[in-house]
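Two complexes come next, and they have one chain in common, chain A, joined by chain B in the first and chain C in the second.
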Partner chain A sequence: MPQREGSPFTGLATVALKEAADHMTSARIHLVMLLVLLTAVGAVYAAIGQITATVSEDQFLFLRLFTTAQEPLPSFVAFLGFLLPLVAIALGFDAINGEYNRRTMSRILSQPIYRDALLTGKFLGCLIVIAICLLVLWLLVIGLGILLVGLPPSAEEILRGLAFLLASFVYAGVWLAVAMVFSTIFRSPATSALATLTVWLLFTIFWPMLSPLIAGAIAPVDPFDPMTAVDRVEVERAIARISPNTLFGEMTLAILNPETRSLGLVFANQLSQAVIGAPLPASQSLMLIWPQLACMIAALLVLFTAAYVSFQRQEIRA
Partner chain B sequence: MNTVIETRNLVKRYGRHAAVDGLDLTVEKGEVFGLLGPNGSGKTTTILLLLGLTEPTSGTVRVLGLDPLRNPLEVKRRVGYLPDQIGFYDNLTARENLLYTARLSGLPGAEASARIGYALERVRLSHAAERRVGTFSRGMRQRLGLAEVLIKRAEIAILDEPTSGLDPQSTQELLDLIGELSREGITIVLSSHLLTMVQEICGRVALFNRGRIGLMGKVADLTSDVLGGTHVVEVEADGVDLRTALAGAPHVTGVVEQRSGLWRVDADADARPEIARRVVAAGGSLRTMSIRQTTLDEVYVRFFEEEKVHAAA
Partner chain C sequence: MIPAHAFFARKTLIKSLSATFVVGGLLLGTSSALAQTAPAPQPPGAAVEQELQGLWLTTPYPAFFAQPGEEVDIGLSLANKGLPPQRVEFAISGLPEGWQWEIEGDGKRVGAAIAASDQTIDLSLKLTPAEGAVGDTYQFTITGKSGNQTLELPIALTLAETQPAELTLKPELPALRGTVRSTFDYQVEIANDGQEDTVVNLLAEAAPGFQVTFKERYGSQELTSIPLAAGEKKNLSVTVKAPENAQAGQYPVMVRAAGGNAAAETQLVLDITGQAELALAGPGGRLSGDATAGEQRTFNFTVENRGTAPARAVKFSASPPSGWNVEFNPEEIAEIPAGESAEVAVNMTPSDQAIAGDYVVTVRANGDGASDNESFRVTVRTSTIWGVTGLGVIAAAVMVLGFAVTRYGRR
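On to the complex of A and B.
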């Protein structure tokens, strides 16, 4: 790579703002947002019904808004885990190849900016949209909670809520990066959308079924050695954690259920002195999810780098 | 004169196929330089190499003394580009589209809108400035692309088939505009298939053939190089073999029988009196005789005919 002059960030803000504005006004995003909003409100509304019906003494009533599932509706977190990737994919699947197909790429890249600025700007623009969308959802849930439950959230609940917001943001970011990678690799937006959705389906639906199978093959259980059973569970967990959905699920579990003490196997001797069912302080819960969060951020960076490398070498003939 | 574009032994391969194969090209400041050649002869690829939009396999490119891969920002700041198939954001208006690229090129807001207004006027799109580009015709898009080059106030404008899809009137307007830009001191490199147009405005041209430059020079020089003459005399005469009659005649460089009784004579000056004299002297009856300047079309056709013969041989 030859030495380059000038800042790779020239034009970054311009691209990011233009992208964000484009998405905010696009019919595609409006549709996805509407879907997310409706399901979210539905889930929270159902949860509130459940919570007020049981009227239990609960220290974390507000967090239950996020996690309570009222049959047949899943909980708000479950919905988000399912729908956030869709939002991110809708934002990112045609980020780069869309420019080629509109034949705007060569016009944009003949301006004095680096390709870095275009790619990063697009990524940031989509992240801005995701952040705004998540913030709106979050405020909506809190607002509904205050209105319908009639209780203000405690400081700890707000803190945990914010941590949840951050986790969701990073989770959506990972899926956005996946979509961006495919949008640089495939020239056709249909192909890249399909490829991204395939990965999404794999991790959302098939991974939970596959990971026990793979673990069974890698670490068979010997009925006479109990440690092999433990190994197997560990292996299965490690494989399951390749999926960002698993990581997100574990993070929300730890953040939104303060009673969660560990995200892995717990042995009885490790629990001596512990008061089962007693909540962990917020700082401890955050410590608990730190590895998951770091993994997701790392995955995001790796994926973004992949998109960057593939884009940097491309010929701009459109 | 100083050189603004220079390539040396430039090669670009796609797999085993060389799209550009050892190109040596120099363009001087203030020139209007035409890239000609059949489809797939490497014109667009050459332009992409000049702009650093694709990496050369080997060889060097210097634009304004800079390497487009090493100093891409500086090069792109000073060079305007009109791609062959130009696209815009259809959901934005003409002005918004231009504003976006103006921002990307680092123009402050007030300066940008002043230049955009002026450029739109110059390509006669002021009336459509607030319309979404999705509603634009092919020619309007082409003109909008040119407006973008104007806004940049580039020192070099590289136009890839700027007239494709334009009606005759717009083509003429575009030519006038290019002429104006050239008089303002902007160096222009353009590729085109409209040879008459190229002949009209280009100072020098390069004829591309399978990734190489077959011929390069002033249009007048090329006509004399390839055809041996700058004038074509068409002679209709009966009862004479013009080829023998004109053998050794001054200024005549070639005689071809196009059909029975119709001859085409290449000459490097107006040889009509001599031809008439010789036809009559040989006992033929002269019916009509017309003269015109050799066009680039003829050079082009002849050049590639010869190439085909060479390739077959």
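On to the complex of A and C.
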């Protein structure tokens, strides 16, 4: 294979910025973001209503903005866990095959831009859009909190909030990578959209039901051996953690509830003489979510590699 | 019959003699006829059957001593026996110039009284002698006029020098033993043996730092002075509180009572025995620290003897959470003198399995008769090895991407 000269990333910035600009002005993203904004602001507003009605003292009032749910609305975190994949899918499901359909792929690649730069640029462009949306949403929540609760957030709360922002960003990135993979595999945007939505529904709705079933098949519980019950729980957790939703849920739990000490199975002897309810330092909470975060980043990279390999091997002149 | 008559006459004579003795005694030598209104003459035979009849004015103490200037209360009784109701008007003759008197019956000032048949009326004569020469005896007579008869009651009053108040203090248990934390309660009896009422000031003299309080026994109010009537005794409770830092030894406390010209004092003794008192403190006075799961961490505890006696054989122990290892260096300190402190290194190794967060470890120091414990809060941090593993996972993913780029890149 002849090696060509020049950086493979020439034009990367151009592609990324153009992609981001296109998305920013597209009606699709406007609609999806409007949906996200409305639900998120509604959830936060309801949470603030509940917080201001509560008299008990709370060290982490601002974190409660994210996690407090008031019937019938779920909490802000729950909304994000549900809707962020949707935003990412809306951004990425026709990233590559859309170019084919518009017959613009050959035209782009006839420019001095490598395929590497095109795929990476499209991915980065979508990530920029997601980052901007999340940042705006985050600032909106914090601003609403300061305005309506009347308290400034503490440094620890800001730190945890930023960690939460990063976790949400990586979570959305994983779903974007999934959408990109399908958009390179399938030529039809409708097929890739359906495939991505299928995966999303599988992990969001069916995975919590499937994981106990699979775990029951892999590690049956022997009623005379209590350790098998422990094994069963461990296996079930491991299977559940394949889903990015589970990982995101665990991360938000550990970051936004500082009292969370462990995300796995805890034995009573590990809790002997422990001060229950004492908040963990932010560094320890970050240590707690680091495996989840690292796995998500790795998953993002692997999925992107899959999309990359698939795209690089494609015949594009058709 | 005559012998019988004679016998009865004798009996009557005895009776009238005893009556004369009583009345005569009261009247100081005046004949019974004077004191007694003339009874109706009775045949000797009839007298045998009849009871004593007459009207008397009597007092139990016809000669007594009093202090000049002080009011005297003389009890009088007007007795009517077997006569119709008699009206008696009172007067006093022979009183020196300047003396004041009044007769009271039932709390009211009276001038006359009527004694019904077979009734005795109690009266009292309030007499205020003027200041006069001590030792003089004054004679005066209380007279009661009843119709044409006059009852006379001579009284002799001698002005006497009064005995001044005389105080005594008598502790029940003058020496008590205890530690600095004990309460030393002494029961002291204070008595006024004189004839004057007085108000007694209570004072105590003790070493600096010792607090002395006076209370009535079974009372709760603190006293500084106490009124004490002539001849009265009162029980006091003297409480001495030793200062926390008092060294072992004997401490005398002088208790004084002073009232008027009288004073009394007594000595109480506190025998304070020393006691060791241990105080544990964490590193730098803090009671919290950090440790990493599975790794040993050393905290330097300080144990101080705040007591008044040396603490001997001070051993250390801890109740850590399960799976933890806590060691002390040294494990035992032979002696910590009073006021000194010693250091002990506490090596804590949290369990490998410990999850991050706060744990409470109770650290104890036990000496002979003294101990202390502290709840030390350890914030366990988890090992960063897993963080490195996470980085490894990401690095592996990057390597896969790099491989894909080198394999399929630049097309």
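Quick note on the criterion: the second predicted complex is superposed on the first by the 313 of 318 C-alpha atoms of A that agree within 3 Å, B and C clash if a C-alpha of one lies under 4 Å from a C-alpha of the other, contacts with A are read in each partner's own complex, and residues count from 1 in each chain.
The working rule: contacts are C-beta pairs under 8 Å (C-beta built on N, C-alpha and C of every residue); 3 or more make two chains touch, one makes a residue touch a chain.
Please read these numbers as outputs of a predicted model, since none were measured by experiment.
Enquirer: Looking at the overlay on chain A, is there a clash between chain B and chain C, or do the two fit?
Expert: In the arrangement built by aligning on chain A, the partners chain C and chain B fit side by side.
Enquirer: What is the contact status of A:A294 with respect to chain B (first) and chain C (second): first, second, both, or neither?
Expert: second
Enquirer: Taking C-alpha centres, what angle do chain B and chain C open up at chain A, rounded to the nearest 10 degrees?
Expert: After superposition on chain A, the angle is 170 degrees.
Enquirer: Applying the document's definition of touch, where does A:K18 land relative to chain B and chain C: first, second, both, or neither?
Expert: first
Enquirer: Between chain B (first) and chain C (second), which, if any, makes contact with A:Y114: first, second, both or neither?
Expert: Both: A:Y114 reaches chain B and chain C.
Enquirer: By the touch definition at the top of the document, which applies to A:A278: first (chain B), second (chain C), both, or neither?
Expert: Second partner only, chain C.
Enquirer: A:T10 contacts which: chain B (first), chain C (second), both, neither?
Expert: The first partner, chain B, only.
Enquirer: Which partner does A:H30 contact after superposing on A: first (chain B), second (chain C), both, neither?
Expert: neither
Enquirer: Between chain B (first) and chain C (second), which does A:S106 come into contact with in this model arrangement: first, second, both, or neither?
Expert: Only chain B is touched by A:S106; chain C is not.
Enquirer: Which partner does A:Q312 reach: the first (chain B), the second (chain C), both, or neither?
Expert: second
Enquirer: Look at the residues of chain A and decide whether chain B or chain C touches more of them.
Expert: Chain A has more residues touched by C than by the other partner.
Enquirer: Report, in whole Å, the shortest distance between any C-alpha atom of chain B and any C-alpha atom of chain C after the two complexes are superposed.
Expert: Minimum C-alpha separation, chain B to chain C: 6 Å.
Enquirer: Just to be sure I follow: which residues of chain A are touched by chain B in one complex and then by chain C in the other one?
Expert: Comparing the two interfaces on chain A, one with chain B and one with chain C, the shared residues are 3-4, 114, 313.
Enquirer: Which residues, counting only chain A, touch chain B once they are in their complex?
Expert: Within the complex, chain A contacts chain B at residues 2-6, 10-11, 14-15, 18, 22, 25-26, 102-104, 106-114, 313, 315-318.
Enquirer: Write out the stretch or stretches of chain A touching chain C in their complex.
Expert: So the residues of chain A touching chain C come out as 1, 3-4, 8, 114-116, 261-262, 266-267, 269-275, 278, 280-281, 283-284, 287-288, 290-291, 293-295, 297-302, 304-305, 308-309, 312-313.
Enquirer: How about chain B: which of its residues touch chain A in the complex?
Expert: 44, 48, 51, 53-55, 67, 69-74, 76-77, 79-81, 83, 85-91, 100-101, 103-106, 145, 148
Enquirer: If we count contacts the way the header does, which residues on chain C are in touch with chain A in the complex?
Expert: Going by the criterion above, the answer is residues 319-323, 351, 353-361, 377, 379, 381-382, 384, 386-387, 389-391, 393-394, 396-398, 400-401, 404-405, 407-411.
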